[in-house]
Amino acid sequence: MRFDAASVEEADVSDVSQLAGLAQPGKQVWVDVQGLSDHDAIRAIGTIFGIHQLALSDIVNTGQRPKVEEYGSQLFVVTRMVQILESGNPDWEQVSLVVGPNYVLTFQDRIGDCLDPLRERIRTEGSRIRTSDEGYLSCMMLDAIVDGFFPVLEHFGERLEEIEVELIRQPTPGLLEDIFLVKRDLMSLRRAIWPQREFLTRLLRDGHSMFDEQTAPFLRDVYDHAVHIVDVTETYRELTQSYIDVYLSSIANRTNEVMRVLTVTATIFIPLTFIAGVYGMNFSTAYPTNMPELDWRYGYISFWIICILVVVVMLVLARRLGWLGGSPSAGLRNRDS
Amino acid sequence: MRFDAASVEEADVSDVSQLAGLAQPGKQVWVDVQGLSDHDAIRAIGTIFGIHQLALSDIVNTGQRPKVEEYGSQLFVVTRMVQILESGNPDWEQVSLVVGPNYVLTFQDRIGDCLDPLRERIRTEGSRIRTSDEGYLSCMMLDAIVDGFFPVLEHFGERLEEIEVELIRQPTPGLLEDIFLVKRDLMSLRRAIWPQREFLTRLLRDGHSMFDEQTAPFLRDVYDHAVHIVDVTETYRELTQSYIDVYLSSIANRTNEVMRVLTVTATIFIPLTFIAGVYGMNFSTAYPTNMPELDWRYGYISFWIICILVVVVMLVLARRLGWLGGSPSAGLRNRDS
Amino acid sequence: MRFDAASVEEADVSDVSQLAGLAQPGKQVWVDVQGLSDHDAIRAIGTIFGIHQLALSDIVNTGQRPKVEEYGSQLFVVTRMVQILESGNPDWEQVSLVVGPNYVLTFQDRIGDCLDPLRERIRTEGSRIRTSDEGYLSCMMLDAIVDGFFPVLEHFGERLEEIEVELIRQPTPGLLEDIFLVKRDLMSLRRAIWPQREFLTRLLRDGHSMFDEQTAPFLRDVYDHAVHIVDVTETYRELTQSYIDVYLSSIANRTNEVMRVLTVTATIFIPLTFIAGVYGMNFSTAYPTNMPELDWRYGYISFWIICILVVVVMLVLARRLGWLGGSPSAGLRNRDS
Amino acid sequence: MRFDAASVEEADVSDVSQLAGLAQPGKQVWVDVQGLSDHDAIRAIGTIFGIHQLALSDIVNTGQRPKVEEYGSQLFVVTRMVQILESGNPDWEQVSLVVGPNYVLTFQDRIGDCLDPLRERIRTEGSRIRTSDEGYLSCMMLDAIVDGFFPVLEHFGERLEEIEVELIRQPTPGLLEDIFLVKRDLMSLRRAIWPQREFLTRLLRDGHSMFDEQTAPFLRDVYDHAVHIVDVTETYRELTQSYIDVYLSSIANRTNEVMRVLTVTATIFIPLTFIAGVYGMNFSTAYPTNMPELDWRYGYISFWIICILVVVVMLVLARRLGWLGGSPSAGLRNRDS
Amino acid sequence: MRFDAASVEEADVSDVSQLAGLAQPGKQVWVDVQGLSDHDAIRAIGTIFGIHQLALSDIVNTGQRPKVEEYGSQLFVVTRMVQILESGNPDWEQVSLVVGPNYVLTFQDRIGDCLDPLRERIRTEGSRIRTSDEGYLSCMMLDAIVDGFFPVLEHFGERLEEIEVELIRQPTPGLLEDIFLVKRDLMSLRRAIWPQREFLTRLLRDGHSMFDEQTAPFLRDVYDHAVHIVDVTETYRELTQSYIDVYLSSIANRTNEVMRVLTVTATIFIPLTFIAGVYGMNFSTAYPTNMPELDWRYGYISFWIICILVVVVMLVLARRLGWLGGSPSAGLRNRDS
């Protein structure tokens, strides 16, 4: 946790009571509370900074819907931050901001986050953030949080591209599951970014005393990013739906292909087997009307000629009806392999 | 039923006329009517508290759409409460609130409900609810009712997770029915919560003399919860749709798999059977042109060699075309088993 | 047709000119025109009550979209009434209302309708409707018309339940047709109720001099019912969509099941037939290398042992791959039978 | 082209310059330009009536989105007119209106159109259109154009009914194509009528000096028709979607049926063929253990008895599993034939 | 880069500092920056023209969502330009406009673009653009950019038509991929044009000092085009969805057709093979009860007669059930070939 004004002071505070005297006129204070399990400490902080009881319960009960609320001169913001874990799954964290005159409080459960670059900028001499008010600071925080969605979107964009390549190369059932998981994650993403877009719209439209004319463009910038994220998320979701269509049709195609092979094989050999069966019959050849073919000199050769004729006719028919069509029917699945 | 002010008084009233003199200046009265079948009693209560005839008929005819209406200084609210029965099905109940100066009337059909914790808080000395007006009290009631949706949502969340696990392990037709039943319940849920969200929006936007500045944040809190429930419900509904897609594709996959086995078996054995049939023919071997193979020393061995060759060629072809692909095609269904 | 005020007078008027002197100060007049084929009569009525030419043409050309229009001091309302015929099909009828100072005109094509209960209430001494103005009367009419949708919705609700039961018991193609017909009827229902909801919203929002403060709650009540009907209709439509999904998947399941039996039968018997074919071959057994099995003492018994082995191996394999799975795969279709 | 006021004058003008002196105080002028290929003439007309350059280019470049624009005292309207060709396809035409003080200009590409009845009404002595201003005249034109959609909708309604009948009688792939073509046409229809509805909404809401109080109801009437057309179009589009569902399911049903026949045939005859194969084997009957059945007196008869037993058992099984189900499974396809 | 006023001056500026003195009263300046990789130069230009830091970062980071922002007297516009590459893929480029008093700056990454015709018009003596202000100039630029979408839409329209023809002639899996790719491109198109439509709506509604009354119609024209593009894009997207439906159903149809051939072949030959098998059995004919047919004089001929009878019965049955139906079942696929 730290102070920042013309000069920067940082301090790790473990005892909440030290925070009481922090505020000084003309200085900005940013208190970053990491870890929300110590309810007493948070209640104490709430008392020091006069945070409303409902805001405090929202801070502690993570899983809130992102929102902005005004309590007197304080602005209370709940947002969701996201990052991609090494396992490839998105990891959600609720970050709550309490913005009051000359101070900004942030609450989050875990240590280490997307606000680090902001800390760097505060430490830098002469950065704009040093000479600005709490509105600009909180605006930068929102910016950092919203911009944290972009790498996640890129991650999903890459996964979708991989899925598309795989889908064209060889669609497996596991792929469908992948599509489904991406879709579910995109649904969470949308659920997190949509309300943030909403409250940014409201902040922009109704204005707030904290965001003066100089800060407004930056807030609008955050809003633009949120809208952009919403757009991309929606597009990705539509893409997953299209992928499912392509997947299902590729399965249907494979069924078709397998079917065709079965049909061709069966329709060629079933008649042949029948003919062979005929000449395996044991009708008494004593009568000349019974199976005279068996006693022909070229009976066996004729049999083979008939068989070959049947096969040729069948193949010609099959080709005509397009059942053998090699490349076009192998299509989607074999294109790259 | 009970009184509450600086001091708390509770009374079970079975004779409606006792309610007439309840109201005292500076004291809050909460009358909780349980059981709606006694129309006369309810009409009597309506007369005592001056409830509009339409409101009374809405109270008695459960199955109303949740709504808020103003009748003079009274606020009439219809809401739906939900809880999960032991059978796992959601159980709906209409709760109507009539909020007037210094009194709140609640009407419900069954005994025992989600307002119990509220009663506890009223009984507690020094709780905020004791010193607040009827606006705060009714707001807390709405909060209790809306929060009653969360365990139900959790229940559905768990059922959906079970379904997902089952879907990946082994999709059965019964599972589809489960998905369908969850979807139907989610549709009811949405139908109940959506109008509550709507009237909360209106109450927040237009304000009401009952909800003073101190109560407004609590009302906003109720609203936030309602919006959250709507969000989650919508996400769950989309999930069920995705589950149906996955289910259908897994059926298609199974058909495919069964098909492939049939095709491979048939295409291997049908030609072999034909060959066997050929040498079962009874062409007269008197002529050297007829079936000389039958008299070859190694005819039988040659036959088996040809058969094995056919099988090998078939298997190589099948493998090339990906019809034998064990693990990838077994995919979704066998992954966990 | 009838008069109603402090006293009630009813009269069947067949000559339009008798209507001219009907209006009396302090009395409400309700003229109910049944049958729209006599264009001249309707034009005459139009002239007597000063109905706008466009309203008249809307009255006569049934099939209008429900709407409300103001012509000077007159309010012109077009609504659609619905009832279930004995055949189970919904029957639509356009009812037009012209509401002016102290009179209400209703126009409908057929005799006998959902306004009968209203007539009863007017005939009843002391009913509120007797002492109220034309706003309240027309409001009650709209209420009667809108409430006429509820039995229709119930009818569809029951049909959908029957369909669901049937769907789980034994899905037949006729069932799909039923679902489709219900869906089409629900689409008509929605097309009729949606614009009524719309114009009720507008009437409520903009108000109208005819609907004074005492009538407003009743109008709001009508509106609530319309919204409720819209909600239920939408839910039912979604249900039909889900039913179609379930139906299609049950067909896919049946195909699967039939497939599985074919596959198991074929994969078991095709190899056996091949083996039998082998020993039906006529290779000359003069050479010891040719089919020595035929001369073995236990050749035939060995053959049967091999066959049984093949069958057992096949069945074990099939069970492993889940192709015989009795109860789970029979699933949806057999559950109840 | 023609004049109309108290008296009617009509003139075919081929030289644009004759139009210059047309306007007379107190007289309405309607110039109907048919054929848009002569750009110079149109530019000349534009100069005479002071039409804005952008409006002129919109007139000439057909394929504009329907819209209304104000240029000073002129109102510029682009609409789309539709009629059904004899081939059954809809035929689109852009009609542009320029409405200024005392004159209305219409521009269309082809001769002969839905404005003919309007011309008749103008020629009729004492018709309202003769004594009204240019607002009423243009309103009547819009009415004629919008009403021109109704026969087209009816045409599509009939085609959809034919498709439905055909769908239930015998679904062929050509039918799907028909459904698809109707859907595409409905999409064009919607694209044409939707913006017209939009600009009518705007005209009604914002009003315009041209449409005085007496004309407003007529404009509202046009608007109502447009909304009605939009409603019906949307319903029809949903219907086509349902038809596609029914079509796909009927194909699935047929596959099922064909499958069932194949399965029953195969599962009955494959075991029989195997048995016949067994007794065709040539095991040496010298040993009593080898195929003793062949030497039984009633061996052959036993064989047939076994065969019949197998068939009976199979048929009973098949009936039990519902594979032979005659009428219910023939269902949708055979109902009418 | 160039000057334009009464006289036209063009200059290629490679040193940014030369831009500093460009602005002259009464003259319009258009600076077209091509290539965005030289961040320093762009920052220098930003300093000269006083561009806001956020605008500058949006200029350099292409991939922004199209938007309009006001910074003091400057209007900052981000748009996306599209053209079809020779490969048939759309090529996107971000174009940023900074419009200030008497100057317009455009930033784009590549050289050569859709603004060329505009340059021509500026060079032309007496063109309207020469005497107008920066509002008109920027409006013309937006017009050029938006109109650049039309050829792209036409391109997609043609591709969709080709796809439709192909779909009816012979649907291959590659076709599905084509549909899918077009759909994806249409999604990008929509994502680019939708926000442009949005900001044009806002510019039109709220107005801006730069766009005076004379320019407004032109801006409205740009807006109309944008709306038109959105409409067409949406229609095309719906078309692709319909194509996918048709494609899937044509696959189902083919499966059906292949199935039918297999079924007919199998159901005809399987019984025949069985009969042939029967007479291939080696029951001892010593007993008269064993296979007496074998010793009949016309046994063999009877066999063939039975076979022919079976085939005829089968064919008649198959025809009755519609399994041979030539033209109707060949349907969609063979219509044109």
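Order of writing sets the chain letters: A, B, C, D and E. Residues in each chain are counted from 1.
Keep this in mind: a contact is a pair of C-beta atoms (placed from the backbone, for glycine too) under 8 Å apart; a residue touches a chain by one contact, two chains touch by 3 or more.
These numbers come from a predicted model, not from an experiment.
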item	value
For chain A and chain D, chains touching each	E
Superposition rotation for chain C onto chain D, Cα-based, multiple of 5°	70
Computed distance of Cα centres, chain C from chain A, in Å	38
Whole-Å separation of chain centres (CA-atom averages), chain B against chain C	23
Sequence positions of chain C contacting 2 or more other chains	248, 252, 255, 259, 262, 266, 270, 273, 277, 280-282, 291, 333
Arrangement of touching chains [line / ring / star / complete / other]	ring
Interface residues, chain D side, partner chain C - complex	168, 217-218, 220-221, 224, 227-228, 231, 235, 238-239, 242, 245-246, 248-250, 252-253, 255-256, 259-260, 262-263, 266-267, 270-271, 273-274, 277-278, 280-284, 286-287, 289-291, 321-323, 328-329, 331-333, 335
Interface residues, chain E side, partner chain A - complex	52, 54, 64-65, 67, 69, 71, 170, 172-174, 176-177, 180, 183-184, 187-188, 191, 195, 244, 247-248, 251-252, 254-255, 257-259, 261-262, 265-266, 269-270, 272-273, 276-277, 279-282, 285, 291, 293-301, 303, 333
